[in-house]
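Got some structures for you, see below.
What follows is a pair of complexes built around chain A, which joins chain B in one and chain C in the other.
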Partner chain A sequence: MTLATFISSRRFKVDLWRATPGPFKVGAVILVAHGLFAVLGFFWTPYGYAEMGAGLPLSGISWQHPMGLDQIGRDVFSRFMHGAHIVLLLSFAGTMLGMVTGTTLGLLSGYVGGWFDEITQRIVEAMISIPFLALALVMIIAAGPALAGAPVLIVFVVGLVYAPRITRIARAAAMEIATREYVAVAELRGEGTWSIVFREILPNAANVLLVEFSLRLSYAPILIGALGFLGFGIRPPTPEWGLMISENRNLLIASPVTVFGPGLGLASLVIGFNLFTDGLSRMLGQRPVAGA
Partner chain B sequence: MQKLIEVRNLNIAYGGAAGWTNVVQGVSFEIARGEAFGLVGESGCGKSTVAYRLLGYGTINSLVQTGEIIFDGTDLLKLGATALTRLRGDRIALVPQNPTTSLSPGMRVGTQVREMIATHRALPQGMTMEARIVELFALVGLPDVGHCYPHELSGGQQQRVTIAMAVACNPDLLVLDEPTTGLDVTTQRQIIQLLADLRARIGMAMLYVTHDLALLAQIADRVGVMYAGQLVEVAPCEELLSAPAHPYSRGLIASIPTTDGAERQGRGLRGVLRRDQMSTGCKFEPRCDFATTACRTMPQVLEPVTDARSVACMRWRDVVAPQAPVLVKRENKKIIGEPARLLSVADLNLSYGRPGLFDRLLGRTSPSVVRDIDLELYAGEVVALVGESGSGKSTIARAISGRLPPRTGIIRLDGAALAPALKDRSVEELRQIQYIFQNPDASLNPRRRIRSILERPIDHFGIKVDEKALESVLENVGLHAGYLDRFPEQLSGGERQRIAIARALLVNPKLLICDEILSALDVSVQARIVELLRSLKEKHAVAMLFISHDLAVVQEFADRVAVLYRGELMQLADIATLLDAPLHPYTEMLLEAAPGLRRDHYVSRPPAFPVSKAIPGVGCPLAGRCPRQVGSLCAETRPPVQVSDNGFIRCHLAADELATHASPADHSDFAGQVRSIS
Partner chain C sequence: MSIFRLLASRILFSALTLLLVSILIFLILEALPGDVATRILGREATAKALEVLRSQLHLDQPALVRYFQWLGDFLRGDLGTSIATGRPIADVLGPRIVNTLLLSLFAFAIYLVLALIPAIIQAVNRGKMIDNVISVITLLLLSLPDFLLATILLFLFAVAVPILPALATISENSTWQEMLRAMVLPAVTLAIMMAVYAIRVLRDSLIEVLRSDYVRLAELKGLRPRAVLFRHALPNAIVPALNVTALNLGFLIGGVVIVERVFSYPGFGTLLIDALQLRDIPLIKATVMISAAVYVAANLAADVLAVLLQPRLRISR
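Showing the complex of A and B:
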């Protein structure tokens, strides 16, 4: 059943919940919780996220400070709360950028073929052959100190790391769809390339691309977290979770909860995304492509 | 006669997201030892589900609710996996529908036959495995092809291999699931001949599942007609075909196009099988011409009416009563005045794959798949392009539509030469030629509503239409405005093809190219699309290039027929001439091989010079296969084109010579039997 008819069917409205696979439900619950938490953290936190001296530095868990305090006396839970929307927004924006570029390039490449396809694919292969973290670091260094730590750069890096991988998926889908007769019908009508790619091919690649999107989205927090951990992410004191883990890793013995808190947040987010993707792909009859 | 297998009250349901659907309901029949039983019905009627159950096989989501299949005293449905494995292939064997996908592509076919014999330890005493395999191949009329891989064999040969595998262990029952559906008509006839021959020699029983009643006429003793999961009639084959007792059987038989010159009014069946719109009574009631109010509430069960016949219809007496056939004499329409020439194709040569730089340097060219085509189409005329698969019918259509630039040759529309490539043609030229594809599932974008599918060409070509345009075009093709907001997958195959036709008609084309548009549809649906096309032809005076493998369908509304063989036009003639006096040996072969509704014991005539094989582009493509070959002349020189008053014949034999010592059989007899040349 395709997505469009699925959504317009009465069954969808009546017992959507019952018809969805288990992982999808669990994933959706986790993601909704994360979303609410992020919205709440954006508007209100118990203490300011950069407020020093909220309590005695390095004191452990208490009702006032459920995740303790860090070295300079900032409330870790407040930072964690405020960081939630940053992680979500960066992941979402970065993946979206990769998706738009990758899909456009991939669908064109798969449909047009020929020299355009050859050149695009060689560039894409070159980029995929570099480990993604190394590629990300190279890009951050190339961007120069002026941009270092800016959210725009992170979004751009995530997008650029993802684009080649998404390009390949979109290209494979387009190549298969391009052989269908409704594409031939459009060609016989004299439709232009863009029109065929966006009217005929894109809607039919939507299933594959949607699964790809949510799969990529689930890896994005890890990528952003890793950059933050290595000190190439968001500029401090912005409480991005990876950065928080990095800041507090010296305290692992003295106050483990300051590291585990953000770590658990990151883990639950990624697990939520993965379950959601798994369920979604089952609903759409698609198989997610393994690997980052 | 002794019963070999008996199916009693079989009920099978398929599980899905929406719960259980009853697919097979209360089916009971038996097959005697050595008997050939045919199971016929339209797609989705459950015939294959029943057939596979005879092998104890069902898909994972199917459930046998009640029923027994008694084979040799045991109930197959109660057997365990091991016992079934022992039985399958050994005592009950399957010949699958598609040999290309059912033979393992990476294994030599000899090894695959060996596997079958070895699994069941069925090697006869005192015989080596190699000898047995060669013997089996000889039995199905193959040379020793054991060392070949499946792709090295033709479709017909592959099907012979699967038959050899099936009979390897001398089974008692052979289950055949549409074994000739994908084959050309001449090959199809050879397979049928082979099966009849094997039955006579080995004496096994057969269950032959097909949608093609004409095929069953050639091979089956008794036939069961299935509708919506129920057997509605079981009768001896001849009796069923001459006097069907169930309204559905009657409609099914009437749907089969024949060339007896009769135009049956309102022939065939109306509506389609909708499992969601079943009445509590007779399943066929919504589509039945004989239905009364009682039919809607009273379930009909299969009851014996004569000693050999059972029918599930209380009004069978009215149905079986002979009707005076409405014979409408075919008018030989004389076109008044000289019609305008719409399309002319001159000296067309086509090949796939453009030569690369190296090929050009070395002077290599890829071989032409279509050679020297000259064809003309007049305004409002329907020309059928007929030939076996791979003869280049669709390739020619692709060239005319611009999807395949020809190597040489000119295509003119209304006297103006069309650009060879699609991108060089003007919008107006594109509008004038509309293409309808074979498979309506693939030619409608599944993610767009019908409204958007139909509106797009109007927007694209900038045609000014009134608001009612979409509704009126839907009405034209027999649908209504309610379809506009549906997605293609909510429509049946026939409805989708109607939408595809509507889309083409919306832009007022001068030429419709219909590429096998009927072959993906059920017989009853085909019959109604033919009606539609015929009415469109009369109403809109649109010219059509109708590509088909089915001469019988073509004769219902084509004006002229072009017969294509291996990329060359063999004959062009008006339809009446072609059927009455085919003249060309290839046309004769096609007409003879097509099965009719009577058993004809057809045996194909052997080629006159089987050794002198045709070389593409040199001699006549039919050389080596032609029963009337003159000698090596045919293989070595191109046959001359002999122009007649309404077409031409390409043959070395002169037209009067072809007419005089024609084949032993009478031509008018073939005309009654013509069906398809797939």
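Showing the complex of A and C:
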């Protein structure tokens, strides 16, 4: 059997499925479900996400309103559905921004070394020393009232909070890879710094960076949710899940499902991401990382 | 000698980091392009109000002068005056810091129990059912946002089974029993959030230590399993967990913001949120500086402890 026929055979697919770690599979299934739900919620929701009077306020769970209604009669499930793509997009965009900034800075700083590295590391150290939530909130305040509640600001803040942490990881990877022979060969060929960093080091740091991306992505919905929960996130009535939990918290006695419905959604998304990350790091031979 | 040089350089670096933090905070809050006063008060603010605020913040002076003035005052212990209340920041901060310190100590005590016991159970029974069950539980808890966990605990123990107060409002004249009862829910929330990170690290390092030669030797000498575990294995396994604990202290500072908010606990975290909502820039600067200082100090302490606890590190670094 040639390799091509083997890869297209059913047996290979079965083996591949068996070889992937369990958490990865469960995580992937949860994430695909969340993705489909988000796409559906983007195009269609049972009621409008800001439509008041979709039913009797606070009337609890029913077939028409699986997550009940809030105090101005908005259907919580419709809001939850519409919020899904917002949470996912903000998380992806923010993590991506942090990843691009952090990877570029970290790889350069690890490969170039010297003064550039020294200065970058000191700034990174200082940024990490500010508790990330405090840093995020201070940046939101500094942006001023014109930008407050704008999605762009949230993306920017997530990116900026993540960038120094990713820089550290990328730098450590680059320092290790920089000692390898193929980097020395590329230097002898006369390749420039940028070319070496992006052609030689980046591809070889891909595993580490992929796990880091997945790890950061797992936490992004929590960070965005926390900003929303504290009232510094996306502007209402946009149904970001953390904001919804905060809005409905005073309904905890009257209709707990309006809080725990979106809460379950948020938790299941993060569980999916975490399982996926865990499996991914095992598949790529990286140690699962713990800690913020 | 070398150990002292190591410690001295660590302390120096920590001080440098804090200096950079002060520059960063100042840059973010006061040196961004655009008028600071307008950003604080909004576009609808009257010219008079803007003028008053500008003079309060000394905005007529150049940024560099303002920075060094602030830094100098801060280093001499003068934290400035809160714009919103007009009171000296030190007076506002003092009691809040005490409250948060009490809460953190309480949380930390619970954290030690919540981290150690499951990790020990897992390491001793590795690969068995109970190990997997605890792993799954920690992963689930790890995925729970802190504000959601706090809300769940509040719902369970203050609404569904009302045995604890929903609001952790304490004052100077509450008795210590009242304070303790008020602090249970926020402290448990914080402890769980910190423990889930530590359990994984602690379990892995315990398993590694249990496989090592000296633990084997201790077993072969015929020591009782309990003595092997607590006298020989645990002290060595704790070193890797120390860094997580320092990280956790950093988390604790961020976590108190959320948890204190959920339970309306009058601590440092709620003060930060209040300061941010009122755009009280001097108060924001002071609270953020202090939280960064605590984080840096915690990391420094963890480094020092790691050096002192593990002789091997003294040479290899």
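Observations, loosely collected:
Heads up, the rule we're going with is that the second predicted complex is superposed on the first by the 276 of 292 C-alpha atoms of A that agree within 3 Å, B and C clash if a C-alpha of one lies under 4 Å from a C-alpha of the other, contacts with A are read in each partner's own complex, and residues count from 1 in each chain.
To be clear about the criterion, contacts are C-beta pairs under 8 Å (C-beta built on N, C-alpha and C of every residue); 3 or more make two chains touch, one makes a residue touch a chain.
Computed from a predicted structure; not experimentally measured.
In the overlay built on the shared chain, the residue A:Glu191 is in contact with chain B alone; chain C does not reach it. Applying the stated contact rule after C-alpha superposition, one finds that A:Leu284 touches neither chain B nor chain C. Once chain A of one complex is fitted onto chain A of the other, the partner contacts of A:Ala28 are absent, as it touches neither chain B nor chain C. Of the two partner chains, neither chain B nor chain C is touched by A:Leu40. Contact with chain B, but none with chain C, is seen for A:Tyr182 once the two complexes are overlaid on the shared chain. In the superposed model, A:Leu275 lies in contact with chain C only, and not with chain B. After overlaying the two complexes on the shared chain, residue contacts for A:Ala226 are found with chain C alone; chain B is out of touch. Using the contact criterion defined above for the overlaid structures, shared-chain residue A:Ala126 touches chain C, although it does not reach chain B.
By the touch criterion stated above, A:Met52 is placed in contact with neither chain B nor chain C.
More residues of chain A lie in touch with C than with the remaining chain of the pair chain B and chain C. Contact residues of chain A toward chain B in the complex are 2, 4-5, 8, 11, 19, 180-182, 184-185, 187-191, 199-200, 203-204, 206. The residues of chain B lying in touch with chain A in their complex are 17-18, 401-403, 422-423, 425, 427, 430, 433-435, 437, 439, 442-448, 456-457, 460-461, 487, 489-490, 503.
Against chain C, in their complex, chain A makes its touches with residues 122-123, 125-127, 129-135, 137-139, 141-142, 144-146, 218, 221-222, 225-226, 229-232, 242, 245-246, 249, 252-253, 256, 259-260, 263, 266-267, 270-271, 273-275, 278, 288, 290-292. Residues 13, 16-18, 20-21, 23-25, 28-29, 32, 34, 38-39, 42-43, 139-140, 142-148, 151-152, 154-155, 159, 197, 200-201, 243-244, 247, 250-251, 253-254, 257-258, 261, 272-273, 276-277, 279, 284, 287-288, 291-292, 295-296 of chain C touch chain A in their complex.
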